[in-house]
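Here the structure comes first, spelled out in structure tokens, and everything after it is commentary.
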Amino acid sequence: MSAWEDAPGFVSLREGPEMPTVTIEAGQIREACLFARDELGFDMCVDVVATDYLEWGGKGVAGYIGTASGRDLNAPAAQGLQTLPALKPKRFSVSYHLLALRQGAPRVRLQAWVDDGEPVPSVVAVWPTCDWHEREQFDLMGIRFEGHPNLERLLMEEDWEGHPLRKDYPIGGEPVRFSEET
Amino acid sequence: MAVAPRRPRVRRWPIVGDPPYDGSRIPERVPTILDVPPHLEDSEDVFRINFGPNHPSTHGVLRLIVDLDGEEVVGLSAVIGYLHTGFEKTMETKTYWKCVTYPERIDYVGYQNNELVFVLAVEQLLRLEVPEKATWMRMLLCELNRIHSHLVYLGTSALELGAISMFWYCFREREMILDLFELVTGQRMHTRYFQVGGLAEDIPEGFYPECRKFVEWFPHALGDYLQLLDRNEIWLERTKGVGPLSAHDAIALGQTGPNLRASGVDWDLRREQPYLAYDQVDFRVPVYPEGDVYARYRVRMDEMAESNRIVRQCLDRIERMDGWPWIADDRKVVLPPREELHTSMESLIHHFKIVTEGFRVPEGEIYVAIESPRGEAGCYLVSDGGPKPWRVHFRSPSFVALEATPTCARDGLIADLIAIVGSLDAVMGDTDR
Amino acid sequence: MLGNWLPFLIYGLMALAIPASMIVMSFVFAQRPARRTRAHFVPFESGVSQGQMRPQRFTVSFYLTAMLFIVFDIEIVFLYPLAVRLHDLGWFGFVEFAFFILILLVAYLYIWRKGALEW
Amino acid sequence: MADRLRDYGLQSERLLWPTKGPSKFEEEMGVDELEQALGLTTLEKAVRWAQTKSMWPDTFGLACCAIEMMSIVSARYDIARFGMEAFRSSPRQADLLIVSGRVAHKMAAPLRQIYDQMVEPKWVIAMGACASSGGMFNNYTILQGVDRIVPVDIYVPFCPPRPEALMEGILRLHEAHNAGVPPAYERRGVAT
């Protein structure tokens, strides 16, 4: 939709199968959300999701005989991908899924790209529901939302170190005996 | 600091009827924490109790830290995470075939809807055509699952408010539904009957008369419930006007599903954004403007009647679909039938590839939302072209329903808090994921 | 000497024996471990209790309601002797107690208007 | 109290130890036939029989198994036939802790505290695959089996177990207790 061109901090617009994805600069997320809510009528924020793209496409493309380590049937995708996935601008993507309560239920995904440690302005002032969403993403993914009234861990214990959903965080749990894991 | 929309929204279509209160009751400092008012701050009369993880009426392991002044709730904050099962991390290490059975355990009361949302997301990324019989059967089972979920809600929340006999009535009907699930899928709960591409098995013939019997009987059962509860003085006293939530607050707090429709917002994804075959089925969407515990109870009762009508219409359509394909035949994704393996080499190769490495989903990210019994259940799926999902995130309606607890419980009594937590119908597995 | 008091005595002894036997049996057959864990002395707070519950004050509204209940409950107790001796007292007894009820009715209306019954 | 199971001269724990041969005084007339003939019983057996007839479970519903645990109270499966209808919510009045669902690490401390606050004799049933062994979640937050923090008497498999499966677990517990098998915390020293 061309209406997104004059959104504050607008970077790019990509039409997705079910909703457009608007990339917004990380610093201006709050203004973009206010713009979306007041001008374009997206009055419900459905979800705030952070995704970690560390080693994205790291498995490389499978040649005819497979990657250097060869085919390991027990480790799916050991043979690598058919095509190298598109490179991502930064490591973390924070996506805000918005929904407008209108005819046809228009939806949009505002995406901000941040690196490890870069803060993202909190949108709790725009939609109070984002309070727990942002706390959960801080807890599991380690994205700091500055301006959040109560940014603490939500799901893990208070004294838990590390952010479990990061790609460099081990899956944890106990090694299964008699499998190569031990 | 909760900023109301700048232009006072003129009341347009989705908002119906006048709200129980105007202005906003969302706590100012932090939207999800009700702070003790300053004049009570240092008085020793405020009594802090743990409405803790092991409590008969918190529907699972929710912990509410409640500050009481006498019997009035003056401070409330929720602590969740006692059932955090790390679904999203575990699903990143499993192939898509194995991932299908995880979402059922997230919202373990409306389990088939959760499985549906993941399967739909994968199918849309794959741009896979699902045969008509599978679509209609999925819709039938999801509506039965909605009735099952509302029955568990009604049974437990009425039990907490003293109507103990409701528990036995509701679980009697629930057993009938579980028999139907067992007849079709072989398992009472967590049926894993939806496959990427259609259904796991064909529908046994015995299912149609059984389902017909349930569909005929259920309106009488609903009549029993209404007779039991609707004119029961105690029930009305405990639910009418308790825990009000206005339309603006509900939208600001991201409420969806029965909680939203009970606050006077006429919004149902099955009608606004039809998925499966909901546009070819006619049903009514109940809306009540009062936004209190009674309105949420009424919305769920009417929804059960509507779901029963949908099941009846699906049954009529599916009965004429005998012998139709029940799963897509795209060999790259769907396992070939057993007998084909003995004859054709390609099927053997496809079978081998799918079983060892799992089918690959083209690169991309997608967010699919459906109307689960609790509200909008969404699945955000990012795939890097490999056989394992790169990132899966489930938008959980119970997660936002619990955010509304402080707003609804504001200046209510401790007894109302039990009614409110029951009426928001939050399932802890869905909240903690 | 006992005369018609004997059944009452037997009944009293039975009423005494049953609870006593329960208490004795719960000590005789108890399978208590020698050393009790700390958790046994910590109050049950849905599983997350830190330590001894610090004594918390109750608000006065509980006390007020209890007092009101006692006042109006004892009022009924006074009616028993009247009911037993109603024939002998006749109209005098009736008027006497009507006056007694009237006084309490005034008190009831007073606290009702003052809103002491609202919770 | 003889500490080794082998010395329990009772027949019916064959269910736990099928290969156990007849013990010392069973060669002559069996103990049970003798007691049956004379209509005698030991005080301990009578107490055990009484305990199994009213073993009150603690409502410890965690996840999906809690929904199935609720349905054993419903009319169709009706656990009241075995004297267990009263689901007590406070551990002080509960004898049996049915851990129904997956136990996250954050929930382990409250679970342990509730187990400690229960009054002896107490039993634990690990209901479902997740409580017995972590089930299909082998990750950073799920405890791989409840027996890491509390001594478990009966493991009920399946995910979620059918109400009949849970009731069979409970009946096995009653049989074992009647047969004289002591509760788990006496056999294994996890409980202090």
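By letter and in written order, the chains are A, B, C and D; residue numbering begins at 1 in each of them.
The criterion applied here is as follows: contacts are C-beta pairs under 8 Å (C-beta built on N, C-alpha and C of every residue); 3 or more make two chains touch, one makes a residue touch a chain.
Because the structure is predicted, anything quoted here is derived from the model rather than measured.
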What is the graph distance from subunit A to subunit D, where chains are linked when they touch? 1
Quick one: which chain's Cα centre is the longest way from subunit B's? C
Most C-beta contact pairs, which chains? A-B
I'd like the Å distance between the centres of subunit A and subunit C, where a centre is the mean of that chain's Cα atoms. 62
Rounded to the nearest Å, the gap separating the Cα centres of subunit B and subunit D is 34
From the mean C-alpha coordinate of subunit A to that of subunit B, what's the distance rounded to whole Å? 24
Taking the mean of the CA coordinates per chain, how far is subunit B from subunit C in Å? 47
Find every residue in subunit C that makes contact with two or more other chains and list them. 46-49
Please output the residue numbers of subunit D that touch at least 2 other chains, ranges allowed. 106, 110, 114, 137-142
Using the touch rule from the top of the page, what residues of subunit A touch 2 or more other chains? 156-157, 164, 169, 171-172
Which of line, ring, star, complete and other names the graph you get from chains that touch? other
Which of the chains are touching one another, listed as pairs? A-B, A-D, B-C, B-D, C-D
Hey, which residues of subunit A end up touching subunit B in the complex? 16-19, 21, 37-38, 43-47, 49, 51-52, 56-57, 59, 73, 76-77, 79, 81-83, 85-86, 95, 97, 99, 101-105, 107, 109, 124-133, 136, 140, 149-150, 153-157, 164-165, 169, 171-172
Listed in rising order, the residues of subunit D that touch subunit A in the complex are 105-106, 134, 137-142, 144
Residue ranges of subunit A in contact with subunit D within the complex: 156-157, 164, 169-174, 176
In the complex formed with subunit C, which residues of subunit D make contact? 47, 90-92, 109-111, 113-114, 116-117, 120-121, 191-192
Subunit D touches which residues of subunit B in the complex? 52-56, 60-61, 81-86, 89-90, 101-102, 105, 108-109, 111, 152, 156, 167-168, 171-172, 174-175, 188-190, 428-429, 432
